[in-house]
Amino acid sequence: MHIRIINPNTTASMTRVIEQAARALAGADTHISATQPEAGPVSIESHFDEAVSAVGVAEEVLKGEREGGIDAYIVACFGDPGLLAARELTRAPVIGIAEAGFHLATLISTRFSIVTTLGRTGIIAEHLLEQYGFRHHCRRIRAAEIPVLDLEHDPDAAFKRIVAECCRARDEDGIGAIVLGCGGMANLTEAISREVGLPVVEGVGAALKLAESLVGLGLQTSKHGDLDYPRPKPFTGKFAELSELRLPPGH
Amino acid sequence: MHIRIINPNTTASMTRVIEQAARALAGADTHISATQPEAGPVSIESHFDEAVSAVGVAEEVLKGEREGGIDAYIVACFGDPGLLAARELTRAPVIGIAEAGFHLATLISTRFSIVTTLGRTGIIAEHLLEQYGFRHHCRRIRAAEIPVLDLEHDPDAAFKRIVAECCRARDEDGIGAIVLGCGGMANLTEAISREVGLPVVEGVGAALKLAESLVGLGLQTSKHGDLDYPRPKPFTGKFAELSELRLPPGH
Amino acid sequence: MHIRIINPNTTASMTRVIEQAARALAGADTHISATQPEAGPVSIESHFDEAVSAVGVAEEVLKGEREGGIDAYIVACFGDPGLLAARELTRAPVIGIAEAGFHLATLISTRFSIVTTLGRTGIIAEHLLEQYGFRHHCRRIRAAEIPVLDLEHDPDAAFKRIVAECCRARDEDGIGAIVLGCGGMANLTEAISREVGLPVVEGVGAALKLAESLVGLGLQTSKHGDLDYPRPKPFTGKFAELSELRLPPGH
Amino acid sequence: MHIRIINPNTTASMTRVIEQAARALAGADTHISATQPEAGPVSIESHFDEAVSAVGVAEEVLKGEREGGIDAYIVACFGDPGLLAARELTRAPVIGIAEAGFHLATLISTRFSIVTTLGRTGIIAEHLLEQYGFRHHCRRIRAAEIPVLDLEHDPDAAFKRIVAECCRARDEDGIGAIVLGCGGMANLTEAISREVGLPVVEGVGAALKLAESLVGLGLQTSKHGDLDYPRPKPFTGKFAELSELRLPPGH
Amino acid sequence: MHIRIINPNTTASMTRVIEQAARALAGADTHISATQPEAGPVSIESHFDEAVSAVGVAEEVLKGEREGGIDAYIVACFGDPGLLAARELTRAPVIGIAEAGFHLATLISTRFSIVTTLGRTGIIAEHLLEQYGFRHHCRRIRAAEIPVLDLEHDPDAAFKRIVAECCRARDEDGIGAIVLGCGGMANLTEAISREVGLPVVEGVGAALKLAESLVGLGLQTSKHGDLDYPRPKPFTGKFAELSELRLPPGH
Amino acid sequence: MHIRIINPNTTASMTRVIEQAARALAGADTHISATQPEAGPVSIESHFDEAVSAVGVAEEVLKGEREGGIDAYIVACFGDPGLLAARELTRAPVIGIAEAGFHLATLISTRFSIVTTLGRTGIIAEHLLEQYGFRHHCRRIRAAEIPVLDLEHDPDAAFKRIVAECCRARDEDGIGAIVLGCGGMANLTEAISREVGLPVVEGVGAALKLAESLVGLGLQTSKHGDLDYPRPKPFTGKFAELSELRLPPGH
């Protein structure tokens, strides 16, 4: 089973962190590969960053489909950028790390809180909670107010602020679990969990397991209805190569 | 990894069907065992049946905890009877097959329909959709109007009616996937899916994979807050033995 | 008019408290009887306790139906355990004290808060509010953090803590009424209300009056659709006697 | 116990019908009186009619308060016109017949439909369902397309159309009960119910019983917060006499 | 283009304030006229005041229709009293200042708070948010606890309290904009906005622009379905003249 | 006042249609300019197309900001692609045509239906309705099943199918207005409206008027909180030039 992790930002070192975290959790039969878009933002901290990264995600899925042999994709940014677009481009399951974190958190607790990086991205999580149906399962969206790349540049300070915010969530929010709100925290989960003493759900691992689950069950993205392959059509300018969607035979 | 499947009704032959279906889907390292309560209804087709079966589910979890070495439990009836009670009784994850089916269906489609056995149980599914957050992801709850045990007694007729209802769902509901609404359909998934040509999500397999996922990630039922072990207390009459919850040290 | 109150826990002294409170409020023509299950937990403070007590509630309804002449049933625990199961077993109306409290509170205020015993049961109330439609009418669920039986064992301390929490609700929540979240508080309503100076809605009285209302109007639990009598079937083990549902003629 | 029924339209013959229906259902100790506003529309079939009738309702409550000795008020039009305004003007409970019908219907069924007079008033019921929390309990709002006064002028034809619509609701909507959507149907409930074979909830009787319930429990409209007496102030023109709210001492 | 502003209270000086604020914002081709009902409360601070003022609003629309040449109406009280009734009485668009403020606030921010006059009217805003669909866009309803007419009588103190509450909203609520909750604040918007440093949306200006928008697009209140002209009928007493709705030809 | 319309697809002829439709509706003082991205899909009929077009929208806003003097932007595709990203990039208001259509439709009707091009894009509209708060105001999303560019290539057939679907909406959905679900229908509004006899709300005109409204009121996109300018950062590859966001002084 080959699972391709797409880090939607272009920071290769973060891709490596995510890849390692995933490999440590992958099943014996699971091959993990990880990429990031050739073009896009070095981190995703706004709707604008997210919109640009969504194209990169889609392009990485198309690249994966041309390669062949990929059984599932993971979109490893907490805003799930380009998720539905990516699903249109492949029969393979595509899992976002935000949705994955939410889903698993509801299986081990009745209510959870999110601890994310910057407060301004809270609205992205809020919109996802609404779309996915988890609005009432999430008590509160909290931010440690750390720029994403500080997770790499100043990991100790970042860790401390995240733990502090998680502890506040534990003590004030009436919750049973915490969802970490950034793919870049994937390598910190265990340490955070130890400090906080609550189940801490991290999206990369969660998405990996959900991807393995769907592949294991033979469940693929539905091509009946609104996630069917896009109708092929001309794209112009720097997106011209997207005109040549090579759809599977019969489409 | 040892996963215990609890068939909440007392029909052992159905337990075997469910167990076989699960074994066929289990990971290489997963040991599956399956049980049913000693006491309870032979099938679950009403709130009343469900209420009685919930006690059986809890007792089977307690039995499993006394045995030890069980990493996760599955509650294999589409109403998820006793799910939150079961979660209180163990640190191991406990997954219901209705919730499992809903969660996975939303990962491969934007909207799904449910095809269940008897129309009168639709309200149970409806309440679960509300509680879990999937009210708007489910377009319609449909019933093939088959008593649960007819899945065993008259499997061909049952199969035809289920497929017919699934086809109506596919053609009329604007959906991308179907969730099968009975644990007793676990062995039919593949055949139904072939006939219908849509992703068909069956709860036992879905729950198995979610259980494997949580165990694989080291995520356990939260004991912080409202799913903590119940306060020990006397139970009377035929429930007297429930007084002796042996809680883990430190509780 | 004969109204049977079922105290879902097995503490007979609490049954007496509830019965007395109900008698003091009953109409001139209303005969009140009160029972508790032969088997079950001495108090209900968790999903687990509730699941077990639901069977007791159902059995008490069946016993009542065999006795005959009962016009309505009340389920006197704030989690409304077994409510829908009970409704399936009789044409008589069955009222839960949580739903009753919520319904009446919305008739005399626009928003209310709940003051219950233990914080861990808040999620039960939350799920009921969602199912019944009152999520937005309830501003906050508060707990006095009193074990249920302390209402009997240490009534003065319990009273003080409840009043203190009610006063906080009154001063902080922007509400017009308080719903008391435990059947065991039935005898305290008047005293609490005097201390707090707000309408305080207690579920036993509320359920009694709703039961009298339905009986007075000749309205019975609908047997059209999903609350119809359960299909008779074998039950095994300690539940074997449930196999012999004696349904009314024509069923 | 003195309950004052306010028919919000000015058709005295309809007031009599409502009064008679209520008397037939009232408790032994309940004195029923019924009035209609001196000024307003002869029937209520639009937002406009309803807005005008709301003033009449408020004025009738003020009149009742000046009379004294009234324990509860009922607003006997299915749009519950002026309900919250009326509640501000008195400590006595005030019950609307739409809310009353909805509340009781949810106690004897899991889902209900409404059968009302004119389709154009469906939106009024829809807004009330949203405000009261019963949006998901009501499967469908149906109209027999009968002008309100035809209930008096052509009762046989009206009865047939209502029964026909109720039967469609029973057969198509997946419901357990029907709520009748007009005070003028109060005398038809029993006959409709017989024809349809489902519990039929009529609002006047429902409101009467809820009013008796609240009075019996000593529960009054909360004067803490947003239903407190209005701040006295000048009213001009034909509403000038409303300037002289005689509030209870201490206000 | 002639837009008629209806101040639902009878305080002519407040009508002038509103009219001036509107004129300062009106398009070059927009003629503004402003009126208030002949009869009604001098300010609107309760459900009761609102119910009475709704009739005044309807009567002012009828007066406007008799005058002719009016292209749109604005209901300039934050509770939008009589809005749907007014819409039934004319083909011209009718805009409420609460809805207008909410609509525009969502176009320039993701979440807003409301700052209104008296806390007791918060429930009115809450009900409107629910009906209009903006429940989740509004983080919090805040009150400066100023009686409406104090905006005229003690404008400096009122201004300070409003600004203070707006600053609390800005600092605590996680919002991007504030909606002012009273027509009488129409002349303060700019000054408040300067003090607070956030976009401040005031309803009179918002409604004016929405009215100009609809007229500019040739969009009129739909007469298909539930906002059609009311069925003509007798009104009695002081509302007798409402019997003579002069509907447009063809109705 | 200079309003820039961004057609998110790259079909210049469609940009011209939209521009003309807007000019015909613009205020006397409004200067309209219209552009389309240099790179992107020729039409938008899937999540994938939409994700790519969102970058084009953002780039066009950045281009507009460099030009200067633009008072508001309109995103003229019914999925509102890139709307929140665009809002982050400018203080000028940015209006999507889907949101604009929804907002205005609720001001002239209580319930509306959408008639769009392809059924597969219905889910996009559904998600927007949820996010914007209009889920319950929209009765039904209908598709004429016309590829977007057929609006240009086979306008007569397209027109007939749209009108036919609008008539079905009018007759079956219980609505007061129709929202047209494609920017390419902007020149057809009047003709459709004539055929259907209902208010037909078209998004380009609606957005134009909302943009004029906000500019007229001096209301700008909030830079307090989550729509603030994005944090500047490196972008790589074909998006490298996005690294040089020239933010306004002080940022």
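A, B, C, D, E and F label the chains in the order they appear, each numbered from 1.
Assume a residue touches a chain if its C-beta (ideal position, glycine included) is under 8 Å from a C-beta of that chain, and two chains touch if they have at least 3 such contacts.
Fair warning: this is a prediction, and the values are worked out from it, not measured in the lab.
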item	value
Chains touching both chain A and chain C, listed by label	B, E
Far-end chain from chain A, centres as C-alpha averages	D
Approximate Å spacing (C-alpha centroids) for the pair chain D, chain E	28
Inter-centroid spacing, chain F versus chain B (mean Cα positions, whole Å)	44
Residues within chain C bordering two or more other chains	84, 87, 110-111, 119, 122-123, 130, 135-136, 174, 225-226
Contact pairs between chains, per stated definition	A-B, A-C, A-E, A-F, B-C, B-D, B-F, C-D, C-E, D-E, D-F, E-F
In the complex with chain A, residue positions of chain F that touch it	10, 37-43, 45-52, 54-55, 58, 82, 84-85, 87-89, 119-123, 127, 130-131, 147, 225-226, 228, 230-231, 233-240, 242
Contact footprint of chain A on chain B as seen in their complex	25, 27-29, 84, 87, 93, 95, 99, 103-104, 106-111, 132-137, 170, 174-177, 190, 197-199, 201, 205-206, 209-210, 212-214, 216-217, 219-222, 224-227
Touching residues (chain side chain F, partner chain B) in the complex	119, 122-123, 130, 135
Residue ranges of chain A in contact with chain C within the complex	110-111, 136, 174
